[in-house]
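The two complexes that follow have chain A in common; it is paired with chain B in the first and with chain C in the second.
And then the complex of A and B:
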């Protein structure tokens, strides 16, 4: 059961062709992204489980869950903006900036860690708001805006922190990154799933979520229906900023430090998982669709492939190459799937 | 069928098209002769567009024989069809908004040397064509800056820029006003005189009766009958098309018209926006249908946009006697105004979403429960109630809107606004691109709403529709009010005189 209310797989239902009506529900499940992803996850789990040493070890399963948690948050952060038909290239930059503020608040200001977390979330949302405001005000595509703000945010952060890490993170906080619950499960994974559930509820059952989807799918129609689309788009970017912050804070907990380079130069290391998870999950780059569950599965697949390929002793470069190919393949498959649906739809 | 066979340019026998299990076109026969206008008549979904796409080389027929100019015809793609002498003007605009009129008209055939486009010659060629056709369009304008009607004229010019033996026009007048339609009709007469065959698709019975020589009726993907224009009537055609007799296209008013002395619900005075409209003043009463007629460019839609808060304008708008300032769609909705815009696919609906969220889109507040969450059970019930009330033909309320026919889509736009329980409902071209059957149902809905007390403004470029439904008519001419009169004082000729400013 997909958690997004607008499932593109359901788009196959034509109005008046009873011949199709009887045949579709079954095939609908099989061509859905979620089904394909679960299938791939099972296949690769079997492949890695039999072909590598240590894929099913307690340690590997624990780190895999933890990495999946981070990738889910990164993917959802991108998804919330893809919903509007836009992109957020600054997910990594925003996340790192917020995480550095958290580190500063803990190490320099000696604030209690829950307050530091809240400050970081507020900064993440605020930087997202800057993106959203700029997109709405200028009417430029978010690609350009976030490409610019990615460099600006990151550059200012490097200037302010002098590119130095904050390593004085209280144990209470760091403990989340290393503790295990329910066997080998990282609490970070549970947190990621809880956030995903909340987002699913937002898109499926709330007025705001509905307004976000309508704005993303057809802004003019939404505006004329009384939805303040400018505000909605800004809110989507704020949500994206906050989710990117959660991802970065998870890394802080895992590393025990807030490090300026934790998402690579300009935060670019996050871009591949950020696109892969929602695109594999069934998000439409034109907007209007929020496959929360699919994005989680996409993130899980990406994390698993990374872990498995590294265990197979492939170089990190090959993993990147492989993930890049996967992104292309996902786009091709999505295109083929949509033209198939459009074809079945003709009558 | 007494004409000489040498006059036949295109003939189809037993053409059939299926997509997997879906039959889009069951059985089609067609004989098209040179120098004649052959109209295809059928409700939306009858198979006309499939047939067009087969002729255009977009689809290959599953079965059947096609003969063009004495040789078998089996186009592999649109380019092939055009090489064989077919020119097609599509109903869906196929223009690039970011290019100029000239660039669009001569797209893919730009005069060039060594790969560089000769701009001067491009403009000259396009200008010559536009002048020859008598179109009031500047070829250097960007298409995006043109109105929908002007774009339609560009589309026609583009189609006719190929030297073709057969010209197919798919609902060319759907967004033209009467005066622009006249330009098109003159072009068609000239093409006829030049010995071209014209295949014409339209829903407007008046123009079909005026232009056609032969009329072929299609119903449910199947050939029904070909008639000579002089030996048939509108009533017979409609009966053949819908498979039942339709006694009256415009349902009669239910109850007495509103008392002209009663207090108006909506009162607009001196509404002005420089360059678009000036000094627009009128009243609208409970239960009244106020027609708004004007030619393209008269400012009809612009006035409605201003009332709905989508455009700034000076002047005052009063609701129930109280002045209101409406600066956004959400404020307009809060004041009980609904607005069915003319552009259903872009401004009316989210085509990629299901019926249910589309119906509730403008009334989310009314279906929300606690803490900003939707009461989905209630949303479902209300959507279901609207679907039933407006007789929207859809599998379920979870069907994707884009898969429904134009008429049903339009009813969903209506349902969306009815869900907001408006006091004032503005309808801009409520039956554009909708087949006769759905048109009749929409008219009935409008009547019913008025009878329930909704005050309705109906903007339309179809004069019979305006005169058929309105209690009073506001006639706009170049951004000003030419006349406001009760329906009973107006004839089509009088309306046109006021609309063109010649009285």
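And then the complex of A and C:
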């Protein structure tokens, strides 16, 4: 590369890249994650639709949409941190903590439900900020920090609530969980899609979103180009906490109660869906990529597989094994796709 | 001269944890005279015996600079396999034990093989195998415990040497010594630490990184299976939920003992002291009648404090060397 180049070669460069782009789209669509996921969703929908009774029933489609909404929020919650190259083991713990605060505000303090929701969101974001602050300040990997805070958050929550559920949730709030709009669609699913659109706009269109992606792709470079990476990472963790809270509040609306065990011991039950959706959607664990659309499709595939496997009566206990195998398979395929792209010099 | 040797003693990595452990024992003993009663010592040793194996299982993976989320799932699978083979197939205890250990070793080696063959991060691979192993466990047991434990296993879980040392502590003691010998005296132990310290350098100096990673994971699976089987002897039943709460515990003890998470620096002795500290603090909460729910909080805070202190020590060491 010569140090100085004339205008003709500078003009040739964009032309070359546009030629490269126009030549590629067809092959690129077929090897993209999103295309693969849509294909899988269609195939499994056909398989489950023909092989099981009731997969396409109104009731099943409605619950499927509702579960998809929760899984989308859990997946996006993890994705916002994966973007920075970190991870957040405390998504479940944060979600449950915030949901329990919401239950407390509704049942004990008798606050109107919109205020209770805001309180819960604020707590979720605050707990996320604690994670982010600890990660940035200590310079340690977010794995060990969020492993510790997951234990702390969950322990404090169990200590304060005495492991008891809040069941006195006003109808106005619970109604969201059972309502149907536009036929068989749950409003929760629409909310999840709206949040996903907002996130996509954040990463595509806003300076803040670009700064998050830059920080994740190469932190030193981002720092040198004037991005305050510490603040960005803390913000990503806050976003993750808030999204985990939305997921937990959806579960509260669905169950009609805020239950301490709704994400399992220490919130561990959320970890598998939380990683499955972004990894299926094409997130890179080293950071720098935010496949919002892919994460939604991944969450939809996970929800559909769970529902279909349960309807096929293979035994509810084996579903976890299938999801684990799916995660392995997704990673192998992604690895193979990447080597193929590298081989063809496409990426 | 004696001052110098004292100084060298104070610099040893096991010195700090040992002092803290002894101080904790003295403080709790001061508040509660029953603390060092034979019965209480026995309870403490049993908790120590099982938790030490869980911690070792994670420690050996931390040594190669990775992590293993499936420690609990492997332990649980081996535990229900052990109990199930005795109840359903009526296998002799020794055969059931060997087969369960082989299951543990296989599960661990599979983790290692998947990680080294694909180059995908250990975190995601072991998260996936965690779900797979746990799902197999639940699929086999249908979430119901196996009660048909052989009488000799039940006896083993209750017996004590000289009326003080529980039999359950004997396998752990043997394993701890063997592991110490492996890590400090055998070439393979040095290979494990070398891979953790700098994988590239290790590979350039002729170590087969792939086989070391698989071996470390196989050892981890073996240790998790041992812990699961001891827990079956202790609980007198094969419960499917064995291993569900091991994750935090398995990281807490090595980290409190000063293990460096990026690999290459672990110690059997300090990990044991870390396990002892966790057991003492749990006990202290009981002695001071503090809510047992807070154990989780204390464990989390301990991990944070330990990684913070390790971090400070690291930067201090680097500053001194420079």
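In this section, the second predicted complex is superposed on the first by the 322 of 347 C-alpha atoms of A that agree within 3 Å, B and C clash if a C-alpha of one lies under 4 Å from a C-alpha of the other, contacts with A are read in each partner's own complex, and residues count from 1 in each chain.
Simple rule for what comes next: a residue touches a chain if its C-beta (ideal position, glycine included) is under 8 Å from a C-beta of that chain, and two chains touch if they have at least 3 such contacts.
In this text the structure is predicted, and so the values were computed from the model without any measurement.
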Partner chain in contact with A:144 - chain B first, chain C second, else both or neither: second
Touched partner set for A:211, first chain B, second chain C, both or neither: first
Which superposed partner A:335 touches (first chain B, second chain C, both, neither): second
Which superposed partner A:321 touches (first chain B, second chain C, both, neither): second
Touched partner set for A:195, first chain B, second chain C, both or neither: neither
Chain B versus chain C as contact partner of A:226, first or second or both or neither: first
Which of chain B and chain C A:266 touches, first, second, both or neither: second
Of all residues in chain A, those that touch chain B in their complex: 5-6, 8, 10-11, 13-17, 19-21, 23, 201, 205-208, 210-211, 213-214, 217-218, 220-228, 284, 288-289, 343-347
In the complex with chain C, residue positions of chain A that touch it: 87, 134, 138-141, 143-145, 147-152, 154-156, 158-159, 162-163, 265-266, 268, 271-272, 275, 279, 285, 315, 317-325, 327-328, 331-332, 335
Chain A partner contacts - residues on chain B that touch it in the complex: 19-24, 45, 50, 308, 310, 328-330, 332-334, 339, 341, 343, 346-354, 357, 360-362, 364-365, 368, 372-374, 376, 393-395, 398-400, 402-405, 408, 416
Residues of chain C defined as touching chain A within the complex: 67, 114, 118-121, 123-125, 127-136, 138-139, 142-143, 244-245, 247-248, 251, 255, 261, 291, 293-301, 303-304, 307-308, 311
